[in-house]
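As structure tokens, here come the structures.
The same chain A turns up in both complexes below, where it pairs with chain B and then with chain C.
Up next is the complex of A and B:
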């Protein structure tokens, strides 16, 4: 290949993805920035520029801050719960059974559980929402309340109790995500040489020690990947809240999230300018999170 | 320190594969025992059963007179060195060494003392704060050794610990292993596929094949008195030359083995040493000659006259000059021995046959003194030390007259 043809070659490869990215990602973002400075209501051909008024209104918007607070909680709780549960499951599935037949293996029946854990992952979010509506139903036809009533207890308003609704939905998010991370961490554990575990077993490590002193540190890289994925997922939650919550984000905005607020503001209240301002705010939150995790989680790579 | 006794130990994998078959082995207190054999012979499985990393399908393993069949690895008080070292990559050398002691709730000062002692012994002092990734292969190997040493266990188990090192380092590590064993005197079981390692390290060597014990003896005895064709072919490098030969009475009243157009006299002393050999007179057997029992007649004038040395004229096909010695490869006008034992031993050997064999000829190797200066294509007169001929039954492959084979 001639020297002058090298750039041509690179451009040839880049042109399609860059075009797609610019048209469908960059340009909508830029447009959102632009619309955020207007009072556009979706009809006018020449929306009026109102400067940073939309952003000023955001500062005093209670619902907006409620949604942001939810993202804050999600950002902490979703990765923490999902990763902890997935780690325990992955450990039991892959290493919990100790050495059997010369290789580390999982507890009895681990092949079956592997399939069961991954099952939620293959369900569409809307299906999961409908499924859990049935589980959380307030009367005795709900799976949980039916059981409670039969035990002679008061039924619980899983989705109608403002203090509980958010956690009910968080539980569904965790339930749905765990399977994927079990698979991810299983792959990570499979990459750790088996003789390291054997050496630890000979050194006197029990299951507990094996997990905390050997498995966990060696899985750190995979764990970080999981944390970033889940952190980004914590800025979403639109579909599940939309399907599952009462009054879309209710009761009393107790379960609302930013994407849902943006959607409502834009398409229900037709305040596109204001919705775009929220979108811009969400964009900066996501970017900040991504930049922070990349900085904080930088750590020396483990080599075997 | 303790002895390790394996009695009738079996290992049967799912699917009925018998990896270890009725193994009986007594490793004495403080002994350096090497398990050697081609890959798949069950040597690693046997070691891992002693360690407790594999279940025992049958029989009994005792460490220090305590049956350990159902004890988990950590309660067997043994330390193992793995082929890939199995260091904890996220810990420094110091933490790697201390990990096992920490888990055993040893007081801090004692841990520090033992770690420092081991580090000094292995020359690891200046690397204590490093992670394994920042160490060379030889250093990692020493850390793996150190991790075993600090534990001060009843026995060391080593699973091909030197096989990932380059040739030169392997030789020097072999020497340090020897001195280390002398200094610590801990019972050691060492697994290797390399018969040179086995010969140089072992107080005794145990040769395994297909899960069956072949022979346990000192390295020299294995070399001089192999119990069967497999051991004869496996131990020693270059490996022993074999040919199917006839044992006959000569006119003079003596005996000789004949093959191709060669006849080698068999000294009378051989018949007294190898009981039962005279029963083979007039029959076929397999003759084995070590390459080192050859010499170049021209370069070794002194020997040629004395009794017990016979001459074989040969044409050097290939010569391998090793500096102090020359391996001379030559053809014998007799078909190669196709016994299951020699084939198995050959597969395990690393050097491949260099020339495609022309018809029914077998390629023999002789090791002669470098003074010989023989070049490929030259004719050479080789002399053979007929006192060191090895005879094997052509059906069973057992060494004729070996005490272990009496009555078999």
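Up next is the complex of A and C:
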């Protein structure tokens, strides 16, 4: 192929996906910015521009700030819990069994657990939601409360107590995410050369020392990726909250998240302008988070 | 809002949930569909030269003009349209080709079409995604239904259509002061119970609050939860219940004031009293498990005789028909009166109209659309609807001769006893959906005892005041 035809070749491949991306992703994003400056109610062909009124209203919107606060908590708790649990599991599956035949191996039955941990990842979010509806169900047909009642204890309103509901839903998010990160971290651990561990083991490092002084630092890049992914997931949470929570984000807004508020504002209250303003706010939060994480966690790479 | 479509409303909600999930955190940004922008989209509306009007053809329908009908295929399905109304229309206008669309996503399907100007003629605006009628009206999309109501009835040309309909149809058809929307069905809301269980145990329908509490004691000692409402999906059943009890004490004016966003309307003693009374029932006889159950789960419990009294509307019988065991026969009672000095008698009962239909003013065949509604309001059309859906229509006497299920018969009987004492519907539910959603959350809080009835009234009033001040929400008023 001639050198001058190379750009043409590349453009030929790119044109279809880029067009699709621009039409279906970029242009709606840009339009959201435009609609955020209007009081569009979803019907009019020529929405009226009202400047930054929608954004000014966001400032006094209690429910909006409640949702933002939940994202803040999610942003800390979701990655922290998921990554900690996934790391422990990945370590046990890959390295926890110590050296066997000169190779680091997982604990007994690790092949089986590896499959089990990945199960939740295969399930659609709606299925997970319905599954946990049954688990959290407040009467004796619920998995948890059925057990509690049989033990002679009072049933717990997992999703109906304002102080509990958020954490109940967070637990589902963690449960669902852990499997993927176990696999991700396992892959990361497999990429660490075996002789590093061998050397450390020869020097008398125990499993804890191996984990904290060898595995963790060498896995830093993967952890960082995981943190960004989970952080972005922390800005969502729509489906689980929608399926699980009491009256959509309740009780008393204890579980609401921004995507849910946006959806309610747009499609239930048909205030598309205001909903777009929330969307724009969410967009900037997500972007800021991603940029911050990548900046803060930047670190020297270790070459093997 | 449709009363009939509760099951499907929920399914639809879930599906929307999935779609939005697929779009990820950016769902909110993607959600707003495009505005047409630029030029006016409304210019594409050829009302075309209408045919001459006559007694048989009061709107001047052109015989060969096609007609597009969009039906919300929820709890009622769309068989009543395809098998009854559309053939009836074609009987007179055989050359007219009817394009029939059934959907559960009225909003998603039709919003872009209203933006672009290519609109269907008749829309059954129902389900979880209804179009905002006020917004449509502001854009001039809703046809004036005055000619329809003034037109001669198909069954008796000496009578106007409006005179063949039950009261409340005209009042509920008003959008910004003009008749624009037809409510087609009647529903009855009250406390539903198993008539067979009550007969077997010898329990009597109470009319006073003391008798009601005594009944609850009896039911409780029989090992049955006397009263429950679904807190997870459908707390508005209890919101209605609170409002109707308040209306009994203070008269319909209580609800009219609430709808009109009158200052301190929510702080009316009748409202506080109603909330106090029901929160007390919940505390003494309720089971907090129901705060976390949805309407289907709760209704199944009732069918198993685990719940005795359930606040709901007459669509419940049809909704649960597949699960209703032989020993269960739905019956309804009005809310018992809280005080001895209630403005309304114990027989007072809620009869409401629902299931919205409108004709597009800028459609291709608006005259045909009006005629289609006139066909729906004929006795044959209405009878066919009742036969297919087991729901009564606003057409008087159209159910004569039909074999109605026991719950519907019970509702009709209670309605007869109520006579003119009909509790009105709270319209802020459709006018200010935000306030209605908020009232559901506060209902749960008050019933669970997290807030006092006074706090309930205060919070609702604060929200109502905020809506009143919100210039982006167009206001509506009612006098009756």
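Going forward, the second predicted complex is superposed on the first by the 296 of 304 C-alpha atoms of A that agree within 3 Å, B and C clash if a C-alpha of one lies under 4 Å from a C-alpha of the other, contacts with A are read in each partner's own complex, and residues count from 1 in each chain.
Definition applied: contacts are C-beta pairs under 8 Å (C-beta built on N, C-alpha and C of every residue); 3 or more make two chains touch, one makes a residue touch a chain.
This one's a predicted model, so the numbers in the text were calculated from it and none came from an experiment.
On the shared subunit chain A, the superposed partners chain B and chain C are arranged side by side without overlap.
Residue contacts after overlaying the shared chain place A:118 against neither chain B nor chain C.
By the touch criterion stated above, A:175 is placed in contact with neither chain B nor chain C.
In the superposed pair of complexes, A:251 makes contact with chain C only, with no contact to chain B. Looking at the shared chain after the overlay, A:162 reaches chain C, while chain B stays out of its contact range.
By the touch criterion stated above, A:41 is placed in contact with chain C alone, chain B being left untouched. By the touch criterion defined above, A:55 lies against neither chain B nor chain C after alignment on the C-alpha atoms of chain A.
Looking at the superposition, the partner that touches the larger set of chain A residues, chain B or chain C, turns out to be C.
For the three-chain overlay built from the shared chain A, the minimum Cα spacing from chain B to chain C equals 36 Å. No residue of chain A lies at the contact with chain B in one complex and also at the contact with chain C in the other. By the touch criterion stated above, chain A contacts chain B in their complex at residues 99-102, 193, 195-196, 198-206, 209, 213-214, 217-218, 220, 300, 302-304. Taken in their complex, chain C has these residues touching chain A: 13-14, 16-18, 20-21, 24-42, 107, 111, 114-117, 129, 131-132, 135-136, 138-139, 141, 231-233, 235, 287-293, 433-434, 437, 440-441, 444-445, 448, 450, 472. Contacts from chain A toward chain C in the complex involve residues 25, 28-29, 31-32, 35, 39-47, 124-126, 136-139, 145, 155, 157-160, 162, 232-233, 235-236, 238-239, 242-243, 246-248, 250-253, 258-259, 262-264, 266-276, 278-280, 282-283, 286.
Looking at the complex, you find that chain B touches chain A at residues 13-14, 45, 48, 51-55, 72-74, 78-80, 82-84, 86-90, 99-100, 103-104, 131-133, 147, 151.
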